[in-house]
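In order of appearance the chains are A, B, C and D, and numbering begins at 1 in each one.
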Amino acid sequence: MVLTASKKKPSTLGFVLRPMRRTGAQVYSSLIAGKPNTVLYPYQKLDLPPTYRGKHTLDFKRCIGCSNCVQICPNDCMWMEKLEDPELGKIERPGVDLGRCLFCGFCVEICPTVAIHETVEFELADQDRSKLRLGPKELRDDKYADTVKEERQKRSLPVLDLSKCTGCEKCAGECPEMCIAMMPIEGVGKQKPEINLSKCTSCGKCVIVCSEKALTMTEVYESYFEMPEPKFILKNCTGCSACAKACPADCIYMMDMPGTEKVLKDGKKGKPKKRAVFVLEKCVGCGKCFRACKFESIEMAGVKR
Amino acid sequence: MNLFEFCYGIIHWLVDLVNHLWYWLGDHLPRVFGDFFNWAGDLAVSHGNIALFAILAEAVIMFVIALVNVLNFIWIDRKWMGRMFDFYGPYYVGYRIGGWLQNLADGIKLFVKEIITPAKVDKLGFLIAPVILVSSSVLALSTIPFSPRFGVFTSDLDTGVPAGLLIAFAFFAIAPFSILIAGWSSNNKYTLIGGMRSAAQMMSYEIPLLLCVASVFLLSGSFGFLGVVNAQHDIWFVIPLFLGFIVFITCLAAEVEIQPFDLPEAEAELVEGWTTEYGGFRFGLFMMTSYLRGYVGGALATALFLGGWQGPSIIPDEFWFLIKAYLVFLIIEWMRWSNMRIRVDQILNIGWKRLMPLAMLNLLIAAAFKTMGWF
Amino acid sequence: MAERGKSTGRPEEGLERAPSRIGEDPEERVIRALLDGFPNTVTDFKKLRKGVLRAKIERRELYKACKLLKDSLGFEHLSMISAVEYDSGFELVYHIVSYQERLLLELVTTTPKDDPSVDSISSIWGGANWQERESYDLMGIKFNNHPKLERILLPKDYVYHPLRKDFKG
Amino acid sequence: MAEMWINMGPQHPMTHGLWNLRIKVDGETIIDAEPEVGYLHRGIEKLCESKTYTQIIPIADRLCYGASLSWSHLYCVTVEDLLGLEVPPRAEYIRVAALEMQRIASHLMWLAAYAADLGAMIGFIYSMRDREVFIDLLQALSGSRITYNFPRFGGVAHDIPPNFERDSLRACDYMEKRLKEYEDLYEGSKVFMLRNEGVGLLKKEDAMNLGVTGPSLRASGVRYDLRKDMPYSVYQELDFEPATHKDGDCYARFKVRMDEMYESCKIIRQAVTKMPKGKWRTLAPRNAPEGTGLGRVEDPRGEGVMYVVGDGTDRPYRLKIRSPIFVTVSAAPKMLIGYKIADVVAIMGGLDMCIGESDR
């Protein structure tokens, strides 16, 4: 069972000298010709690339408090905190527990307004675990976002104000990509333009042609992730406007919806009731409206209540 | 004036100083006590006793020098290794003297660590093994003079320790015994295998080593350091006995357990070999001793082959000796850090089948030189 | 065919595949051989993409089919055994690879919930040994005639099979 | 000496990670061996069932500390197969360049550990120093040093940074120069050859039968590289040759990995220069359809396979991971028996153990 016999017989000196030549050359290059390769860490530091994922910063003015970052976090290390700001009023902003964070960068990627950034700061150790729980106030840095180059593309999309729309189909006729289709609103007897976002080239012709100024161009950051979209069921809506209050991206507004008037005793129609209207172009898919709605008038697949 | 005379003078002066007290007491105390103090004073001032104290003082001096040398050695080794590995080595502790204080810092750290004796070890063996290893290495060191004037001498004649080289090698060869004790008494499979490997390796490399030494004895006609070094006044033995020098260095590497031959403490397969169960200052002693043995090896190679303290008299003889010893040590370290570890069967093969015949050949060469009358 | 199966995977000679004759498409050859050998038990042949086949087999014929694949069709390598739990029962997916023909066969077999056991194929492919142990450990599938069916990743005294859907925390 | 069992692990310098190799020795000769894994079992497969598809990408990174990019890439390939997603060509080229950098970094880490096992700290230091070059490149590309979280479904997370092409070409030149210098340290050293030649023989038939994959399989004389034989990314458009060796001993495994580093340098050069312009990321659907997806890539350590079952929701129903090392280490007794204790480190070091992926 002796398999250890080598093919070549060992010689006395062997080629001990060849590795010694290599190390000798290294001594020459690190002692006489140059310096060692070491970076003397606490005193010298390496330059980190701008993509480096270190400690987070949060731009309070950009952040809309949509909690998408909290939802995508793989380690559940983020949470939303309600706080009152002298400038911004009552707001909701995320905090990060760096002790649990795995620095994956998903919160940065998913943020619909590019409010969270990861800086190159990496020396985060602390002797106290609770010091690693950074609330929104510790994360706040309103200037950082302007200093870095933005990688995310912005896209301008036409946004419809339904109260002004007359359903004239001018925009649909003007669109060079044929991406505007007139769709009837269910139970109202009116039609409105619906824009196919994947085809839209942001040319802005529909905005120019609209005589009622119902369409405006709005700039939105392109999302890297497909987000769930709310589906609105008009007949369940009671007009309580809870969803419009909950929506962080201002994409739900209340409007006097024609066709919802109560028929009074004298045969006249009363005042039209308020109903929610969604602007899905601006929707960030956070699911807050879905959670706020108590009348099951909003459906959202894949979001937990 | 050699070191013995220097120590003798100091001890004599000290004894005289104390004896004044003795004699004063002898004069003033009642007769019975006075006789005793006079007798003690006479005894202390006698030649034999002062010589004994002088040798003790010499030993202390040499020991302190050895400890400082060990610090130097570890520092040089780490700096040398660092540059070889493309980093700085010790740097911040003692920044102005090149990180020299790092060794002291490490020593203090090891010193203040808790000394753990595992529950199931053989207590006596476990305790005595480091003692044997350190003391034998220090004793081997004590016989090595730095120059004809500076070393442990037993009289004011410049003869040094009679047959000092033999004694040095005898002490040098005690180490496998203590390693075996350490390995066996630790009650651990890794240490046991490490101790066994160490014993096998050291025994088998002792023989070619001593054969090389024998060839030097043959050429120089002396067993002592002074005789061997003085015989190299015209030509260093490394030139006629180059083969022997190579074999000697190789065997030395195996004896002090450095890299191509550091099987007993192969950290990849045997955790830390025979030192696995030792921690804290005991481990520090082992580590210090390994460097001490490296220094002893370098000094022996210097004395045997490289002409000892002989050199141009720009710098003192003692420094010539140290420089040569450091150089030998550096070459061994260079070999250590650029090579891998060989296997246990291969190490024995190399020892018995390659180095042994070469050492015999070297002895024959030496005998031939002697017969020709060239030395 | 048997000769060819044995000569697979040779480093130099096996490099260049001999120019295939008409009808010698390796995928079809495998399908034909399996359908000939097990006409009733092999079902649902599908070609997922180039070089990847999927077939279903009843569990009582699994050992024989694997033997056939190894010995005469030249499938030298068992890549992966994955156990999936469905409501109806367990599904075992064997990914078997032929080095020479660059083929991957997904062989699917199902077991009922109350008797999760199949024949061990570790005597055919040695690499299946630990993977079967892992399936037993995490999913609780018993492999008949396995040389050492013990837990491998979890402690020996653990009682649950954690990848099952009814295991919570 | 009588026969005895020695536990090499779980806390032992030979085991890179937490695993245990029980060997039965007669004197110093091994007569039986039994690897034990599972000390690092984190239940990743179960964990993945409760995370969304996107959230699993950083978890797949954590499978292996040495080659995390190739694992997240494998996961993305698997899910793309399930979703039926096309990847834009620029993203594929970025992925290939990053993967080959990861392969070099992983092989250098193996070389470092291997050299340290054999007792040459110099090899450890040099390999780790040169690994930094590629880690820096990947850091500039992805933003992190070990767990990159770089691939996404249908693309990669970032476009390449400025000067990336110049830097990678320079890194390849540097690496090839260093690899030539390594010859002095390893093959030029008699001691290294003594330790490696004829040690840990694994015959071709055994290697295929026991499911050994990757460099260890190629070292046994089977020329099978998924990059060449079942090309999965844009590898069919690149010119390279998988390294093989016919001896099947430790030296062959060493040589195959060293040759692979040369090949990887070649691939990086081609991928970086051929890289087309265009999109590097597409929008992936949130919910996966019902069905199965299979990904199969050539990991630095062997054949990595993932099998995902989707059930129409945004979370996988089942994700099975095949770790190459898990299967390869089961073949360890075949290689170990008959050799000395000192050969254990050479043999097991030559397999490039990574416990994170093998225990999952």
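One rule holds in what follows: a contact is a pair of C-beta atoms (placed from the backbone, for glycine too) under 8 Å apart; a residue touches a chain by one contact, two chains touch by 3 or more.
None of the values given here were measured: they were computed from a predicted structure.
Asks: What's the minimum number of touch steps needed to get from chain C to chain D?
Replies: The least step count works out to 1.
Asks: Which chain, with its centre taken as the mean C-alpha position, is closest to the global C-alpha centre?
Replies: D
Asks: Using each chain's Cα centroid, which is most distant from the centroid of chain C?
Replies: B
Asks: Tell me which of A-D and B-D has more C-beta pairs in contact.
Replies: More contacting C-beta pairs are found at A-D.
Asks: For chain A versus chain D, what separation do you get between their C-alpha means, in angstrom?
Replies: So the centroids are 34 Å from each other.
Asks: Determine the centre-to-centre distance between chain B and chain C, using the mean Cα coordinates as centres, and give it in whole Å.
Replies: 66
Asks: Distance-wise, how many Å sit between the C-alpha centres of chain B and chain D, to the nearest whole number?
Replies: Each chain's C-alpha centroid was found; their separation is 48 Å.
Asks: Between chain A and chain B, tell me the centre distance in angstrom, where each centre is the average of that chain's C-alpha atoms.
Replies: From the centre of chain A to the centre of chain B is 70 Å.
Asks: Please set out, as single numbers or ranges, the residues of chain A touching at least two other chains.
Replies: Touching at least two other chains: 4, 6, 10-11, 13, 16, 19, 22-23, 37.
Asks: Among the residues of chain C, pick out those that touch two or more other chains and give their numbers.
Replies: none
Asks: Where in chain B do residues touch two or more other chains at once?
Replies: 84-87, 260, 337-339, 343, 345-346
Asks: Report the complete set of touching chain pairs.
Replies: A-B, A-D, B-D, C-D
Asks: Would you pull the chain A residues touching chain B in the complex into a rising list?
Replies: 4, 6, 10-13, 16, 19-20, 22-24, 26-27, 30-31, 36-38, 40
Asks: Which bits of chain D are touching chain C when the two form their complex?
Replies: Per the touch definition, chain D meets chain C at residues 37-38, 41, 43, 45-46, 204, 206, 208-213, 221-224, 229-230, 244, 246, 292, 294, 296, 303, 305, 307, 309, 317-318, 320, 322, 326-327, 330-331, 359-360.
Asks: So in the complex, the part of chain D that touches chain B is made up of which residues?
Replies: Its residues touching chain B are 1, 4, 6, 8, 12-14, 28, 115-123, 125-126, 129, 185, 189, 191-192, 194-195, 340-345, 349.
Asks: Inside the complex, what are the residues of chain B that reach chain A?
Replies: By the definition above, chain B touches chain A via 80, 82-88, 91, 246, 250, 260, 334-335, 337-339, 343, 345-346, 349-350, 354-355, 358.
Asks: Once bound in the complex, which stretches of chain B touch chain D?
Replies: On the chain B side, the touching residues are 84-87, 189-190, 193, 196, 259-260, 262-263, 266-271, 337-346.
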